[in-house]
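Two complexes, one shared chain (chain A), two partners (chain B, chain C).
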Partner chain A sequence: METLKSNIQNNKQLYMLVIIFLALFILMSILSPSKFLTSNNISSMMFQMSELGVLAIGMSIVILTGGINLALSHSSMLAAIIGTLVMQAMVSAGMNPLLTILAGIIVIIAVSLILGAINGFFIAYVGVLPILVTLGTRSVFEGIGLNITKGSALSGYPPEFNFIGNGVFLGIPFPFLIYVAVIIVSTLLIQRTAWGMSVYMIGGNVKATELSGINTKKVLMGVYIICGILCGIAGVIMASRYSSARTDYGSSYVMQAVTAAVLGGTDINGGEGTIIGTVIGVAILQVISSGLNILGVNRNFVDIIIGAILIAVLTIRFFSNINER
Partner chain B sequence: MRRALMATLAVLLILSMLVACSQTSTSTPPTSEPEQKTPVEETKAPETSDNNGQTGEEGKVWKIAVMPKLIGIPYFNASEVGALKAGEDLGVDVQYVGPTNADATEQVKMIEDLINQGIDALCVAPNDPAALSPVLQKAKDAGIVVLDWDTPANPDDVVYSINQVDQEEFARLYYDKAVEIAGKDDFKYAILTGGLNAANLNNWIDLGLKYAKEKYPKLELVTERIPTDESQQLAYQKTLELLSAYPDLEVILGYSTPTPLGAAMAVREKNLNDKVVVIGSSTPKDSVQYLEDGSLDAGLLWDPSQLGYLTVFAAKEVLEGRELKDGQEVPNVGKVTVNGKVVVMGPPSIWTVDNAKDYDF
Partner chain C sequence: MNVIKRFYRYKESTVATIIVLLVIGLTILNRTFLTFDNWASFLKSNSVLGIAALGTLLVILTGNIDISSSGQIALVTVVIAKFMLAFGGNPFIVFIVGLATGALMGVVNGLLVAKLKIPSIIATLATNTIINGALRWYTNGAWISGLPDEFTRVGDIMFFASSEVENGTINGVPIQILFMVIAAVITFFVLRYTMFGRGIYALGGNADSAQRIGFNNDRLTVMAFTYAGLMYGLAGVVYTTIMKTVDSNAFIGFEMNVIGAVVLGGVSISGGSGSVFGTMLGMLLLSIIKNGLVLTRISTYWQSIVIGIIILFAVSLDIINIKREEKRTIKVDIVKEEV
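== the complex of A and B ==
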């Protein structure tokens, strides 16, 4: 009964988000029909939202447990930097480009997984608050990255590597295809498995979840590892899209990922939210950002508008929750 | 369901209000003009026509986008003034747009959106040359003239690179000025920098260190360059720490505009105005109060509004099929030196207590 009720609740929120998205899309199309509603622009929006989308899904899963991951973009980039070093070495050794790329991708995702596990260890087993742990690891990852790169960007991939972030497959931007795959897998994992259920339960009440016989530490560890893997995937996309890796790429994504997750209906205290909600949240941010850029609106106003929409949606949600209780 | 609809309407209302008010407040009047020409046709026109007229025969206005590393800091606000003034003077439509924080990935997205918007020229101060390279190639493929300014992009990506000063000359000036003011060439000194990621700052510091090694071998750098996150407050804290860690410190060199001001604040608080020399790249208006009591000894910079002006001027010249010449006199800017793709605005300016008040940035 409870779940049924919260399901309806969630669906209602999703309807609202979809309507906001469509309304914004139509509004932007009316405001600049010859520029916004073009295949070029739709395609570049798909390119742009993929990397943020993957990171935002990672952030949502962490927020579902009541945590947060401030080291998000720095994990991606440290992993990408190490992966770049490996690829550079293999390129200069004259190895097969496809093999090099494959090795690079594996290294990036593996390193990012380990970085996620480091976060997870301190949060789940040592019991430090997620915001503190990830604030710390953020500086550590950045520091290590800076030491390796001396502040500049590393590049030198096999040319084929560019396809991952910049290529088009069957008319669809390739990073978007990766994003769709991530959406499907994480939705199944979080919303259709017993493990996913325990993620929600931890966000609702850790003590009660532990008493019900679930190993919450193990689940939390898993959550941060999955977030790490998603950071790695985003790292691969970004390294390819910008054909280089540098510590501060995507540093503005951390707060955007939180915004997208919360806008998409994820409760910042944990326990509530859906992957698809976050996906729509990302899409809304993208339409606003691209639409207003095309109109030539000052970026400061874009931030104000995004902030205003976030506050409006949260306020409405707050009042509608009170009314229904 | 009804509530959801109401909510959506409310959000849309707020949004449309914000869009409306932001459009009136951006200072680029021609954007609201109904121009529906395709950008490709626009860019092809200049090569054949050699009109030097302001707006061209058909009343066509060049659309030039100028993108700083970020918006909302005094330095880039000043260059905006110059860029927009050039737009008015030269009869071109200048759009000054940039991200709200210095992130290369944000710049890439904004440039993609500008390409879709349809512009004739893009002048960009890249937060990272490598990251912007693919998107700048994309812009070139779309027929857009690409220049860099303030910070160099990859040379292959641009027609011209507009530099504020000769990099080497500027790097040397720090040391020459420090030796001059300190009155000796065997002092202990420290370097504060805006950030370890900033390529231009690193370049100046590296060139300066190399120069010091040859010219002033007795100078002693007490510790590695210290990052201050482009924050005056952090520069202030770091300087306080430096002053207590190295009581015999005599010179502080500050790179990036907030840094020397923070250092001067700390020197003033410790009453070391006469003992410690602070030199750095600061904007004159903010420097005045520190120059007056001697906590800051000299500000080294250029006029960013002139840089903005020159950038737009250069973009228009390229769009109309002209080349920039070495020694060319640019209105409101002065003589520029041109060496291949590299355009240098002129010698750096030095702010002292006497002249700093005359500037409005």
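== the complex of A and C ==
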């Protein structure tokens, strides 16, 4: 009975989010039908939301355990920078472009997996709070990236590498297909497996989870490794989309990812939230920023509105919680 | 042996040890490090960090976090610059305007956290986004210069300066350092000798107990954020006295340095424990690292690596010490029971 109730509760919030998304979408379409509701704009929105979406899913999984990852974008970019070095070397050695790209992707994801494991080690095994660990690793990752790139952007990929971030497959932007795959896999993993259940439990109460026989350290380590892999995937998309890698690419995504997760109903203290909620949160942010952009609203004003919406949603949630009690 | 043990019981001792080692090492590598001029100069430029860290300290002590320090400082610099261009640069009035602007933002943050129960990290993330968006919208990223002499002169005041000022050398204590010291002393007294200060420690230690003793937790939270805002206001004014021009983009990412300084000083991020002295040591450590890298001609790209590693090292060491302490207490309990 309890679970049924909470299920309805969760879905109610999800429905509210979908309604907000649809309302915004329809509003933007009415306000500028000739520009917003075009296949061109929809596809550019899909391109733009993919990289933030993948990062936001990584962030939400971390937030579900009660943590946070401030090193998100810097992990992506350090991995992408090292992957770029490998691809540059292989290109200048005249290797097969497809092999080069494959090697590059494997290196990027492997490096970001290791970076995730470094975060995981300090958080799970040393026991330092995630915000402190990732404050430190963020600085370290940024510094290593700066040392390699000397502050500029690295490029020099095989031309085929462009497809990952800019290509269209069966009429759908390729990065969006990657994003959809990430959504499906992570939803199954988090919401349909025992491991996923233990992620929620850790967010609810670490001590109780540990006493119930779950190896919380291992689960936490896994969470940060998965977040690392997602950073790597986002790093591949970003490197391909900008056809270069640089330490500060995507640094605004860290806070946007938190915003999307929280908008999507993830409790910042952990234990509550869904992947699909975050996905809708990302979509809402994208509709707002693309829509307002098309309407000619200043880019900086969009930030003000997003901040205001974040406060408004949490305020509404606060008052609706009071009413329920 | 006992003395050493007692010394390391204080959380500030980790950072103090690192500082002493760095000072010895850097002095050996470059004799100019341990000169009065060098310290006066790098402490002057880091006074903004130190003052801001004092503000964030109070918020962290309550068990909250403030990631809007960068936005608030930037807002204050823009507000006072525009104010001065419109109404002239009477330093006294400018200070009041700056502090009031910061305090107002602090009240807003405090109300969001205390009354609407929005988690502080989200509330301050939102206000920071809004402030930065508004600033960039308003200034278009342009610098504001041409501030009145009446105000910019204040930034060059030296205390205890000898009569002959040699060219290029500082030869006195810059006023900015004095501001930082005054802010630190006031914060120290507020935390130690006022009901508000004791309440902040109580709230951060255990919110329920604080309420039971009779503290008004919501009011304490709002006041802590307001005090932080006041400090950011002061930091903004002090920054303007140093730079004499205002760049609203100068502080992007600065909140991480501020939090880093507080955390390095042994302040517990979950609230309830930490000191002004520790925070100042944290600021000192960050400044010494930055200055030391310049003096030893190591590429500035190493700066973030070194700072990051020291943060990781310091926070890990704290946790390891706490765990060891816990184990020892558990053992003592068992022994007592057997007796």
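Operating definition for what follows: the second predicted complex is superposed on the first by the 324 of 325 C-alpha atoms of A that agree within 3 Å, B and C clash if a C-alpha of one lies under 4 Å from a C-alpha of the other, contacts with A are read in each partner's own complex, and residues count from 1 in each chain.
The rule we apply is simple: a residue touches a chain if its C-beta (ideal position, glycine included) is under 8 Å from a C-beta of that chain, and two chains touch if they have at least 3 such contacts.
Predicted model only: the values in this text are computed from it and were never measured.
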| item | value |
| --- | --- |
| Superposed partners chain B and chain C on chain A - clash or fit | clash |
| Which of chain B and chain C A:Leu129 touches, first, second, both or neither | second |
| Touched partner set for A:Leu146, first chain B, second chain C, both or neither | both |
| Partner chain in contact with A:Thr187 - chain B first, chain C second, else both or neither | neither |
| Larger contact residue set on chain A - chain B or chain C | B |
| First, second, both or neither for A:Ile268, with chain B first and chain C second | second |
| First (chain B), second (chain C), both or neither touched by A:Ser34 | first |
| First (chain B), second (chain C), both or neither touched by A:Ile304 | both |
| Partner chain in contact with A:Leu314 - chain B first, chain C second, else both or neither | second |
| Which superposed partner A:Ile68 touches (first chain B, second chain C, both, neither) | second |
| Segment of chain B that clashes with chain C, given the candidates 166-174, 202-210, 238-246 or 346-354 | 238-246 |
| Chain B and chain C contact sites that coincide on chain A, given as residue numbers | 146, 150-151, 251, 298, 300-301, 303-304, 308 |
| Parts of chain A lying in touch with chain B, wherever the complex brings them together | 12, 15-16, 19-20, 23-24, 27, 31-32, 34-36, 38, 40-41, 44, 47-48, 51, 146, 150-153, 155, 162, 166, 238, 241-244, 246-253, 288-290, 292-301, 303-305, 308-309, 312-313, 316, 320 |
| Residues of chain C touching chain A in the complex | 65, 112, 116-119, 121-123, 125-130, 132-137, 253, 256, 259-260, 263, 269-270, 299, 301-309, 311-312, 315-316, 319-320, 323 |
| Of all residues in chain B, those that touch chain A in their complex | 1, 3-5, 7-8, 10-12, 14-16, 18-19, 22-23, 25-26, 28, 31, 36, 71-72, 95, 97-101, 103-106, 108-110, 112-118, 128-134, 195-199, 202 |
| Contact set on chain A toward chain C in their complex | 68, 70, 122, 126-129, 131-133, 135-144, 146-147, 150-151, 251, 255, 258-259, 262, 268-269, 298, 300-304, 306-308, 310-311, 314-315, 318 |
